[in-house]
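See the structures that follow.
Below, chain A partners chain B and then partners chain C, in two separate complexes.
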Partner chain A sequence: MAAAKFKVWRGDANTAGFVDYEAEVSEGMVVLDAVHQIQAEQANDLAVRWNCKAGKCGSCSAEVNGHPKLMCMTRLDDLPLEKPVTIEPVRAFSHVKDLVTDVSWNYQVKKKIKKFNPKPPDFEDGTWKMQQEDIDRVQEFRKCIECFLCQDVCHVLRDHHLHDNFIGPRHYVYTAALEMHPLDTENRLGDLKETDGIGYCNITKCCTKVCPEHITITDNAIIPLKERVVDQFYDPVRKLLRILKPKK
Partner chain B sequence: MTTELTLIKRRFGETLRSDAWWLQPVLVFCGLTAFVIYTTWAAFQGEHYHHGPYLSPFYAPEIFGDSEHSWFGPKPGWWPTWLPFSPAFLILWAPAGFRLTCYYYRGAYYKAFWADPPSCAVGEPRNGYRGESAFPLILQNMHRFFLYFALIFVALLAFDVWKATQFDNGFGIGLGTIILAINVFFLGGYTLGCHSLRHLVGGFMDRLSGTPIRQKAYHCVSCLNGHHMRWAWMSLCSVALSDVYVRLCSMGVLSDWRIL
Partner chain C sequence: MAQYEKHEYDVLVIGAGGAGLRAAIEASAEGVSVGLVCKSLLGKAHTVMAEGGIAAALANVDERDGWKVHFADTMRGGQYLNNWRMAELHAKEAPDRVRELEAWGALFDRTVDGRILQRNFGGHQFPRLAHVGDRTGLEMIRTLQDHGIHQGVDVHMECTVVALTKDEGRVSGAFGYEREKGRFKMFSAKAIVLATGGVGRAFKITSNSWEYTGDGHVLAYHAGADLIDMEFVQFHPTGMVWPSSVRGILVTEGVRGEGGILTNSEGRRFMFDDIPELYRSQTADNEEEGWRYTQGDRNARRPPELLTRDHVARCIVREVQEGRGSPHGGVFLDIAWIQEKMANSAAHIRRKLPSMYHQFKELAGIDITAEPMEVGPTTHYAMGGVRVDPDSQMTCVPGLFAAGECGAGLHGANRLGGNSLSDLLVFGKRAGEYAARFVKENGAVVLDEGQIEAISNWALKPLESQTGDSNDNPYQIQYGLQEMMQELVGIARSEEGLNDALSNIANLRHRSENVIAIGNREYNAGWHTALDLHNLMTCAEAIALAALERKASIGAHSRDDYPDKEEPNTKKYNTIVRKGADGEMQILREEIPEVRTDLQEIIEEIG
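Coming up: the complex of A and B.
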C-alpha cells in the first residue's frame, strides 16, 4: 500500500477551490474508490455522484488531471502518482457542490429533438422488417450512456458557452441515431442547421477522444449529419436536381 | 429560452492537463507550414518540374507549359504580361482547395493555427466564436466540389505513372516511376477515404441493403476513412517528395536510378 496525494474540488457555486487529501492506494483501485475513501475517512460531506461503478450509468463524470473521465473507469495505476491527482467536476455545466454539477440542461435539449417517427408497419401485427446491416450504423450510437463527457470537453460549450445555440456532440449522436434509422421518416436537417447549431462544430474531435463508449462521434455522427445538411441547404447542384425532379 | 448557467471562463492555455497537449498542434503547425512554404516556392519556379518521362505532381496535369507533357502547348498569348506564369498556378488551386476544406485538416488547423481550441480541454484566447456557421468558414461546406476535381486528378496522376514508364528507349521503370506510383497510392487512399465521398457513395441513404454495389463501396470508403488522418499526412509527404525527386533529377543533382 502506498499513499497518494489528491486535490479535490470542494465548495459550491459561490466559493470553491482545491482541497488537499492523502489516501492509501492499493492495486486495481480507481479514482472513484479514492474519492469514496476520502469521503468515508476525511470528508463525510464530500458530494459526489455515482451509481454503477461499472462505467455504465454515466453518473461519475469528472475531470481527472484535466482530462474528462469516468472516475469509476480511471485506474490509479494509469496515473502518475508522484504528483497530486486533481479531481474536478465537469466544466460545461453549472456547479452545484464539490464534484456535482447540474446536467439538467441536457435533458431539456433532448426533449426538443424531433421524436422517432416510424413509417407504417410492414406487417398487420404492427411490426417491421429490417436488415441487420441497415441498423448497424445506428447501433453504435445506442451505446451512449449519457455521461456528457463529450459535452464537457466540447469547446463550443466549455469555452464559448453557446448552450442556447448548440446542442453538443451527445445530442448529435442522438439525432444521428434517429435520422439514420431505416424506419424513421422525420426530417431534422432544418433544425440541425438552425436551432441545433451543427455549423458551430469545427470537427476538432475532442468529443470522440473522451467518449468512454468509444463512439466515433465526429466521424460517424457529426460529419455524416453535416453532409446531409449540405445536401439540403448548401449544394446548388442538389437544389437544382430537386427542383427539376418531378414530385411523386 | 435562455439558459442560466454559472460557468467559469478559462484563460488562454489554462488547463490541468499535465501531458504534452501542445505537442500535436505544434507538429501540425510545423508540418503544414513547411509544406505550404515548399509548395509555394516550387509552384513559383516554373522550371525543373519534369525529367524524362516524369512530371512533378505539383504541375500535373500540365495544361499550358514548355515541357513535352503539356496538353495545349506553351504559355498562352492571353496570359497577362504583369502576371507571373507557372503551369502549377493553373491547377494547384484544386488540390489546395481540397486539402483546405478536408474535414481532417479543418479540425487540425483550427487547433494548430487558430487555437480554437489550442488542444482538447485547454482554454482559448478569444471569446467570440461563430465556427463554420457563418461566412467565411461556412464555405467549408463546398468540400464535395473540390472532391470531384480531386478524383479526376488522381486518375490523371495514375495515367502519369503509366507515362513515367515510357522512356526514350521504350518501356522501363526508374526510381522516379516507383516514387510517382507510391504517390498515387497514397493520394488514392486519401481521396477515396474522403468523408464527402463516404456520404455520396452511400452515407446519404438510411438503407443500404438491397444495393450490394453501393454497400460495398460504402464499406470500402469507410474503411479508408477510418485512417483518413494517416492517409492525409502520408499523401502530403509523398506529393512533396515526388516533386523534390523530379526537381533534383531535372537540376542534375541526382541521376535517376533506372531499375528496369
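Coming up: the complex of A and C.
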C-alpha cells in the first residue's frame, strides 16, 4: 500500500486553512475513504457529511482539487497522487466547520416554491393514467439527490451572492419538475420571473457540467422555463396559443 | 444547571426517513403541533438509498394478486413468526399508501396502459413492487419531504436525540444536541414517535450508514419498552465485495428480478442445488422456466435466485466456504448474460438498473452490461426492534410509539424485499394518527429538571478530559465492536461464539464508558461517535443475547449447534429483551398467539 498526501480544509468560520495529512491508499479507494481514515486515526473531530457512500444521498459534496465532487464517488486512482489532493468544503454557502457548510438556505428556498397541485384523478381509486413517455422528462429531474453542487458552481450565487433574488439551478430543476408534471395545475411562471430570478441565469451551463446525476439542467430545465416565462409575459400571441393548447 | 434550548410540541417524531415523515404528515393533518428531528439533513435518511421498490398488491401487472396473497407471502417469508395482525394491516393498506404518494407528486414507472408498473422480487408470488428504475427510495423520500414541508411540521435537521425523559410512567420529552454548535435542545412532547431505523453499524460489512446505531431501540429500551426478536438481523445476499473500500454497499435484488443469475467459480448456477421444501412447489426447476418468469410469463415459476434473502445468503456463504467463490471472496451475479436472450440488452439494463450500472462503473470499474459482478452478503436490515401494538404502534410505555425499521413484528424471521418501504408508509401513518389521538386524550406533561441535568452531564463526559490514550478513540472502539460482531454474531452463530461475544461486548462497553472525544462541541464527529457507542453496545448485547436464546436455525438466524428449524416441544415464540429492575438486560420468551382463523385459512389456501 502506498501513502498519499492530502490537504484538508480545517477550522471554522473565524479561522480556517489547509492542514496536511497522509493516508494509506488501497485499490479502489475514494476520497471519502481517505477522509474517514484521517478522521479515525489523526483528526477525530473532523467535520464531514456523508450517508450512503454510493452517490445516492448527496451529502458528501466538496471541492476536490478545486472541482465540485461527491467525495464518495471520486476515486483516488483518477487523481494525480504525486501532488497533495486538496479537499475543501463547497463555497457558495457560509462555512460551518472543516468540510461542512451551512446549506439551510436551500431548504428555505424550496419551501417558497408553490407546491404540487394535481388535477382530479382519472379513476375512482384516486389514480391517474400517465404514459411512460409523458413522464420521462420529469423523471430525469426527479433524479436530483440535492447535493447542491450545481448551486456551488453557479456564479450568480458563488460570486455575486444573489441568494435573495435567485433560487439557483437546483430549484429551477425542482420548479421544472413541477411545471412539466403531467398532473400539475399550478402556475409558477410569475414567481420565476419576479422572485426566483431566472433572468439572472445567462446559460453558462456550469451547473449541468457538475451534476453527478447527469441531469441536463440548462437545456432541459432552465431554457424551457425561460421560454415559458417569455411566452407568458412578453409574447401575447404565443401566450394565447398556449392557453388554447393544453399547457403540458 | 444544564443549558438548553426548549421546544414544545404535541407530537415529536424522531427520525425523518419514510416512517418519520409519514408519521409527521399524518399527525399534523390531525391538527396537533408536530416537531421532527433527524441526525442528517432532510432527505438523506436511509430511505433515500432504497432501490428496488415498494411492495403493494395493486394488481396492475397481474390481476391474480391481492392483499391475501401479499399477506400469505409475508408470513411465509417470515417463517410464520410475524405478528399476523401487522401482516394483515400491511397487506390491506399498502396499495392505498402507494396511490397516495402519486397524489402527492411521485412518478412511478408505468405499465403500457398507463398505470403504476410493478416488478418481481424475492418471495413475492406476483410482480408487486412499484418502482422508479432502481431509485425508488429517492422518489419516496422526496415526495414525502416535499409534501411534508408544506404541512406546518417544524423540522430540526442535524439534531441527535440522546435520551428520553418521563413523567410518571409516560414519556414527556426528548433531549438532544444539534451538530453545528453542539448546543442542547430539550423537546417537551405529549407523544413521541420513534422512527430511527436500524442497527447495521454494529457490524463491519454493512449497507447501512453512520446513522444506523440503533438509537431508537435503545431510547425505547431505557424508557421501559420491550425489544423483540433482536436475533433476526438480515444479511442481504448481494453486497459489493470489491474494491474493499466499497465492501458492503448494496446491489439491489432488482438485478435478480430483471433476470440476473448467481454463479460460482465453476460457472454453475448453484441456487438450483438447494431449494427449501417450503418453496419447492413455487420455484422453477430449470433455467428456461426461471427466465420466462422474469420476463412475465404467468405460467412459469420463479427462479431460485429469487428465493428469500436468508436462504440465498446462506447458499452464497456455502459456495465461498467450499472453495467455489469468486476471486475476492464472493460469488458472481450476472445480468450481462441476458444478451443471449435479447438484442438490445445493454440499453435495457441501463434503463432498468441505472444506478447499479453507474455504481459499478464508477466504484469498481465494471460494466455490468458486459461482465458479471462480484457479490457477497452484507448486513442490511433489523427485523427485530421495538415491540408495538399492531394497530396503534404504541409501545407498552404510554405516549411512546415506534414505526418503520426500528419497530418490529411485521417481518418475523426474515423480511421480503420491498416490504420495508410499504411498512414505513402503512405504520408510519398509523403511528402519526394514533400519536395525535393520544395527545387529544391525555393532558400536559411536566419536565423534570433532575432528569435533564443527568442526561446533560452524561452527554458532556467524553469532552471533559482532553488528554488520554489516543489509541482508544471512539472510532477504534467502534471498529473493534464491528469486527467482533461480524465474526461471532454474523451469519453463522454458535453458543460458544455468542458467549464470547457477550464478554467482548462487556469489555468494549467498559472502554466506551471512559472514551475521550478530542476537540470542542462544534460539529465534532468524534464526540458524536463516542455517544453513539452507548447505543451500539446495548443493541449488540440484545442481538447476542436473543441469538443465544433461540436454539434453532430459522429465517435470518442460523445456529451451527442447532441446525433444526424448531426446538423440540416448543410452540412458536418471540424473544423479548427488557431492562430489568436491577438495570441489567433480561431475556425472555413469549408464545405467539394463534393466528386468527380467517387468516389461518388464507395461509392454508394460498399455501
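Definition applied: the second predicted complex is superposed on the first by the 236 of 248 C-alpha atoms of A that agree within 3 Å, B and C clash if a C-alpha of one lies under 4 Å from a C-alpha of the other, contacts with A are read in each partner's own complex, and residues count from 1 in each chain.
The definition used in the following text is that contacts are C-beta pairs under 8 Å (C-beta built on N, C-alpha and C of every residue); 3 or more make two chains touch, one makes a residue touch a chain.
Because the structure is predicted, anything quoted here is derived from the model rather than measured.
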Touching partner for A:131 - first (chain B), second (chain C), both, neither: both
Which of chain B and chain C A:181 touches, first, second, both or neither: both
Which superposed partner A:140 touches (first chain B, second chain C, both, neither): neither
Contacts of A:230 with chain B and chain C, given as first, second, both or neither: first
Which superposed partner A:26 touches (first chain B, second chain C, both, neither): second
Which superposed partner A:196 touches (first chain B, second chain C, both, neither): neither
Which superposed partner A:204 touches (first chain B, second chain C, both, neither): first
Intersection of chain A interface sets (partners chain B, chain C): 131, 181, 184
Chain A-facing residues of chain B, complex: 1-10, 15-18, 103, 106-107, 110-111, 116-117, 120-121, 123-124, 127, 129-134, 137-138, 141-142, 144, 195-196, 198-199, 203-204, 206-210, 215, 225-226, 228
Residues on chain C engaged by chain A in the complex (per definition of touch): 40-46, 48-49, 99-100, 102-105, 107, 109-110, 113-116, 132-133, 135, 137-139, 142, 146-147, 149-150, 155, 157, 180, 209-211, 242-246, 249-250, 355, 358-359, 362-365, 473-476, 479, 517-520, 522-527, 529
For the chain A and chain C complex, residues of the former touching the latter: 12, 26-30, 33, 39-41, 44-59, 73, 75, 96-98, 100, 102-104, 107, 110-111, 115-116, 118, 121, 125-132, 135, 138-139, 142-143, 145-146, 178, 181, 183-184
Partner chain B, residues of chain A touching it in the complex: 13, 63, 65-68, 80, 83, 86, 88, 91-95, 105, 108, 131, 133-134, 153, 155-156, 158-164, 180-182, 184, 197, 199-206, 209-210, 218-219, 223-224, 226-231, 234-235
